[in-house]
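First subunit A sits with subunit B, and in the next complex the same chain sits with subunit C.
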Partner chain A sequence: MKKSKKVMGLVLSVLFFIGLVLTGCSNQSSESSSGKSSGKSNTPQEITYASTSKVVGLSPIMTNDSVSANVITQIYETLFVKDPDTMEIKPNLAESYENPDPKTWVIHLRKNIKFTDGTPFNAEAVKYTFDKLRDPKTGAPRASLLAAVDTITVKDDYTVVIKTKQPYGPMLAALAHYNSSIVSPTADKKQDLMKKPVGTGPFMLKEWVAGDHITLVKNPNYWKGAPKLDKVTFKVVPDVNTAISMLQTGDVDFLDGIPAEQWSRVQGMAGVKTLKKTGTPVSYLGFNVRHKPFSELKFRQAIAYAIDRDAYVKQLNGLGTKSNSIIGPKVFGYDPSAEKVGYEYNPEKAKQILKENGWEGMTIHMLVANTPGYMKMGEIVQDQLKKVGLKVDMQTMEWGTFLDVSKQDKFDITFLGWSNSTADGSELLYPNLHSDNIGASNVTAYNNPEFDKLVNESRFTVDQKVRKKKLDEANKMAIKDAPWIVMNHGVVTLAYRDNVKGLNIDPTGEWSLYPVYKE
Partner chain B sequence: MFAMIIRRMVQLVFLLIGITFIVFMAMHIAPGDPASIIGGPTATKTDIIQIRERLGLDRPIIIQYLDYLNGLLHGDLGISFQTNRSVAEEIWIRLPNTVNLAVASVIVSILIGIPLGIISALKRNSWLDVFSTTVSLGGISVPHFWLGAIFILIFAVHLKWLPVGGLHAPFWTPQGFKEIILPAITLGTGSAAMTARMTRSAMLEIIRADFVRTARAKGVKERAVIWVHCLRNAMIPVVTVIGLNFGGLLGGTIITEQVFAINGVGRLMIESISARDFPMVQGGVLLIATIFVVINLLVDIVYALIDPRINYD
Partner chain C sequence: MSLDAAGQEIVKEMENQLNRNYFLKGIKVLFKQPLALVGFAIILIQIILAVGANWLTAYDPTAQDLSHVNLPIGSEHHWLGTDNYGRDMWSRLIYGARISLIIGFTSVSLGTIAGTILGLLAGYFRVLDGIIMRISDLMFAFPGILLALLIVAILGSSLVNVVIAISIWSVPSCARIVRGNVLTVKKQEYITAMRSLGAGHLRIIFKHILPNSLAPIIVFGAMHMATAILSTSSLSYLGLGADPATPEWGAMISNGQQYMWQAPHLVIIPGIAIALVVFAFNVVGDALRDVLDPNMNIDQL
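The block that comes next holds the complex of A and B.
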């Protein structure tokens, strides 16, 4: 009798846990339509967005992360902007510009614009902002954006003249980058813009609980007309599963950067819409060309032949595209003919090259940052290289350590990405593959004087046609030379409640809430 | 007792100075450079050098430490590398959330753990005992992130009874209560299980003690035997476990804070370690260490209150 009761107790507890698991699992697949009512005309014009990490600060001069950028781009504006669909650079706070000579940029500014603290927007404000960004004492993370600039002068209230040391091709792309947003000089002298931002944009800061949320309200005097949204909340939800659950219940109105493994869950949700676009980010496998035999083209070709990138891209669930080109389709300097230049999957050829050169059975030291995306890349490539007879010793490490180690000479191959936030090919090839940047952003230490020359030519001319041609040539040279093997080009994503209208994302992943409203 | 408290306080000061030294050196020696993280992969060599100068990282390490210690003595925990805010302010914003969560989950663990342990001990080897020990074992083994995610799916997404995440009010207010339920249960389950097992074994030991047999022989009512004679004596190890758990909870709420989007100190620490935000990590560790040591002191004081035989003088 007693024994049977004991068994009953055991069975009961096992059932308790099984019940817990099953309820959880069954809920995972069941999609409930829910959330706030939609379609009513009196819907509050308030929207909530969630990011997985916190906003570091709200000064465009002192930050360099995409989460802070999301808020900064709603508060501040740049002289030029990229069209989210065509990527064409158009004047914004600037009205027009001219190049009287290749080293001079005369920029005419729009009149009657004020910062939200009442300070007038003028040539002084532009000069102040750019000088502060460039000043070594500021220690701005993206000071290099304006490294080509020699002097900035105020010609009159609404004309600013930028002189560069050499003709500088990517100037407009640099001025359209969020780090070149114009700040209110009065406010910057008085307060820390990291905490109390003041720009000319459609929204202003109302409340900030550090690490938890930021609330913006509309700027009623915005020069293009007040935005439709009254209030915007940026929440921090570190766990992406939780963020998606919040989207499902309507606690959050939209999310971006959905991970590939969550894409099908989001797509299947009732009341939620998704948007995806080919983006500018590129992910690559990089060889440390300081090491032998990675310095030999034949070896790099063998690896390129050994990697089945179609199989890799397939598991990204549509959130990545395969391409041979280093400069992606949405980046200035891309030409479709670059796709034909690279090396396609051919394991037999890879084995043959390895055999002919006595590289069979060699051990490769692979360095991988321990974020889910790179880990996956590393595991798939490790497996594929094993199939052609190479041994791979994979070392994974946390991001901060990885950044340090990857800049030293301590790996054979590694994986990295580049977001291409200026969407300009020179800004991709110069930092990553030009010999000037070995030991910093050029982690592969690729050093090819011919390539350097082409990249320099693309940078030091303001003729956009010449720039495009030089970039295309440099791109094809690097694809053939293979210091990088492009794993995939990124896809930018948005998921939003179906009553949110007017939301768009540009290929660099930026979005503006100015045209957005709720139904 | 009073002398003991003074003695412990003096020890505390030296202990904390030692901790600052270890944490400071560990952070500076560990691989990873705050400037290259702030600069990101796009930074050029010049960018990184300028950021290092701005943060004062170009100075000799011992000068940096003495500078930090000097600040500490003046009550200044420093400025965060990342956000440019004062470390004290950053911690102060988040501390109430973490304390809220830790207190609520200790309450959960006491409410579940102690009754479960008592029942188990009294009905030893019955089906109730098997049920409660198995549940305890499960509670210890189940990872928090999993339990949290399952709770969110059931009670927030599917049944819509409770919010998915966030904590914006103290737990005794209606909004705060709704927000804290799932995180507190998620976090409290592990320590409830531990408390239950500890209560059970302590009770079993006491029940067999001579003085309990004497009490029963004197004709004391069974209820009084359990509550007055057994439970009070069984509480000493239990209080130790709860106290240590509470200290652990203050530093160990990280996963629960992640899953339930609670803006707490644990999350701040993880973010700061990843960003190599030295002043923030040093400030956070110092705070957690202080709390831990103070709680241990309180536990010792509670011992003396529970058991008059314990005399620290």
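The block that comes next holds the complex of A and C.
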């Protein structure tokens, strides 16, 4: 009896593995045959989106994560918006604006717009929202967007005057950020917007089953005209492989942020279309310049020469672009001439510098967050540095722990990114590389007074031409000085069923469902 | 009722005879079990691969080749293909065999030695029994992998810390097994005889009780090899063990799972390797128990 049981066990386990191997092989053929779409008319105008994490809340004031932002941007609107293709900032809820002096912004609002609870949209609502956002008592995570603001006054029903302490260049970018969306003051006073949101946008919340899904329905009185979609469902599917399978079978209509490893799988699916665009996010290798010899430019240059970033970017399957510039091509302040400033792959030169300075065989302590993207950078750089004769001790940790440790001076090199959701260069260089932020968002502790001066000049002027010039100079200075080596600039992606029309994505990764319909 | 010196000689001789018989019989029983033979063969292959890894492949298991990534099984120069960094899968597999064998063996040896000593002390000295057994009860309260996770979380993630974690984890179970055995052996008349002849405690423990408790320790060790190898892989899979570049089987699966659709061999190869080795140590452990189990042998004798 005992023996026969064991034999059965062996047979079963062998069968199991044969099964595994077979499903692995047959997967390609099943992909191409399944998932034919039905091009019927009178398709219900309902769409389903899946994300791997859940929505934190639905108040633009109290949230600061991209998953919540995806829903919030359908419900609320901002005074200004960025054009998804040109990144130009255009009025939205605002009609126009003027600067009588560099510290004053007079914003004229659109008339006859109502929040979905019936409250009229006017200067009072704008003042209420912005005052709440910047009030320290609110504890808003992105209060910094309006940190430069001194006073906000209501001139008349449809005119708001914002005065800043100093001339503030990135003001429009800040007002176009989703965290500056206008909320209904009456609703905010009587209910928690995190759970019961009220905005002026094309959709309204119908149902929220925590951790499972959120359903939005159309706002029939939307000021630009009612949206074509009747219903939108935001599902939570924790595993990205499952989410992609659901897209294949049509249980989900679209996904964003497809991982590079899955891109070819999604592209090969019948009935599924993909869209990708150069985005604003940047990923970089950062040196801890508090440590020797990382504080020495020569050493940083040697590392920059040692890293074959073309080979790395090729591993991203097209979901990343190579660039030397810290300010990416889709971010304000970028000039193509910045590409010529950086250090190209040249392992011989790297070896020579290391040899001349006696740095050969040195051990580098590398700190890496264990998400697939950063692990890929870490492993590739580790191997490439090994090839020029450096030893790399790689320490990996979970994202939350990593964020703490990276602020504690316990590493030589690390990898990080910045999503640039305002798409403004000042909002990249100031938090990440200005000496004001050492110990906080400036993890490399880069400290260069000349650079600081240029960044400040870009922030405290409203002349966009001057700003662009100062940002370009600061950018080139930082590229030469190399506290960062840019690994890649991000690419934003969408994958959708082929009967979904009108879907577009912003380089910051945001999308609007207003123009979307189904065939 | 005590034995004189001559009587003891006779008993000793008889015992030696018995032991030799045990051993021969054991091998016979072992070879009658086909599954155990398969298990032995797998372990033998693993040992050969682990020892000969340097000669069996031309590739460094950590050397990347970014122009040849995700090559399938049966590719030219790479018969098991390459992984997502262009590292040769065959050389990763066999260097992984070495790692899992070394880690399994060291952690089991360390855990077993410590567990045996504690078990002997607890079983022999009534005073220590309470303390040692209550502490091991405390450790039993944690599910094994959780305890290992805790230890690695405190010490930091590296293979050395994985060895420490798995050794600590195996101490209480080993101690408990040994203690039970000591309690039975201790009551035997020849021990009483030894004591009345004036033998010291240490001499009795290590020369008489320990040899008579070896059988369950060996079985425990063999069975625990499987657990240790599986736990090492689990911890590495969770990112708490080996450095990701290390060709550890669990780390290989963790790394390959994102490519499951384009390159299923990245998870299937190390997956099969882990399953086979764990299976092998389990069946061999089972067979060893059949052989060494005193009750069964008494029936056969």
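One rule holds for everything that comes next: the second predicted complex is superposed on the first by the 490 of 519 C-alpha atoms of A that agree within 3 Å, B and C clash if a C-alpha of one lies under 4 Å from a C-alpha of the other, contacts with A are read in each partner's own complex, and residues count from 1 in each chain.
Just so it is clear, a contact is a pair of C-beta atoms (placed from the backbone, for glycine too) under 8 Å apart; a residue touches a chain by one contact, two chains touch by 3 or more.
This is a predicted model, so every value here is computed, not measured.
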item: First (subunit B), second (subunit C), both or neither touched by A:Trp418; value: first
item: First, second, both or neither for A:Pro259, with subunit B first and subunit C second; value: second
item: Partner chain(s) touched by A:Glu398 [first = subunit B, second = subunit C, both, neither]; value: both
item: First (subunit B), second (subunit C), both or neither touched by A:Glu379; value: second
item: Partner chain in contact with A:Lys465 - subunit B first, subunit C second, else both or neither; value: neither
item: Subunit B versus subunit C as contact partner of A:Lys292, first or second or both or neither; value: neither
item: A:Gln248 touches, of subunit B and subunit C: first, second, both or neither?; value: first
item: Subunit B versus subunit C, judged by how many residues of subunit A each one touches; value: B
item: Where subunit A meets both subunit C and subunit B, residue numbers; value: 6-7, 10, 13, 17, 20-21, 24, 27, 241, 398
item: Complex contact set, residues of subunit C against subunit A; value: 33, 35, 38, 62-64, 66-67, 69, 84-85, 156-157, 239, 243-245, 255, 258-262, 264-265, 268, 271-272, 275, 279, 283, 286
item: Subunit B partner contacts - residues on subunit A that touch it in the complex; value: 2, 5-10, 12-14, 16-17, 20-21, 23-24, 27-28, 30, 32, 34, 50, 53-54, 56-57, 62, 64-65, 136-144, 147, 192, 194-195, 209-212, 235-239, 241-243, 245-246, 248-249, 251, 398-401, 403-405, 407, 416-418, 421, 431, 437, 439-441
item: Complex contacts: residues of subunit A adjacent to subunit C; value: 3, 6-7, 10, 13, 17, 20-21, 24-25, 27, 241, 259, 261-262, 264-265, 308, 311-312, 314-315, 370, 372, 375, 378-380, 382-383, 394-398
item: Interface residues, subunit B side, partner subunit A - complex; value: 30-33, 36-48, 50-51, 53-55, 82-85, 89-90, 93-94, 125-131, 134-135, 138, 145, 149-150, 152-154, 156-158, 160, 163-166, 168, 257-261, 263, 267-268, 271, 274-276
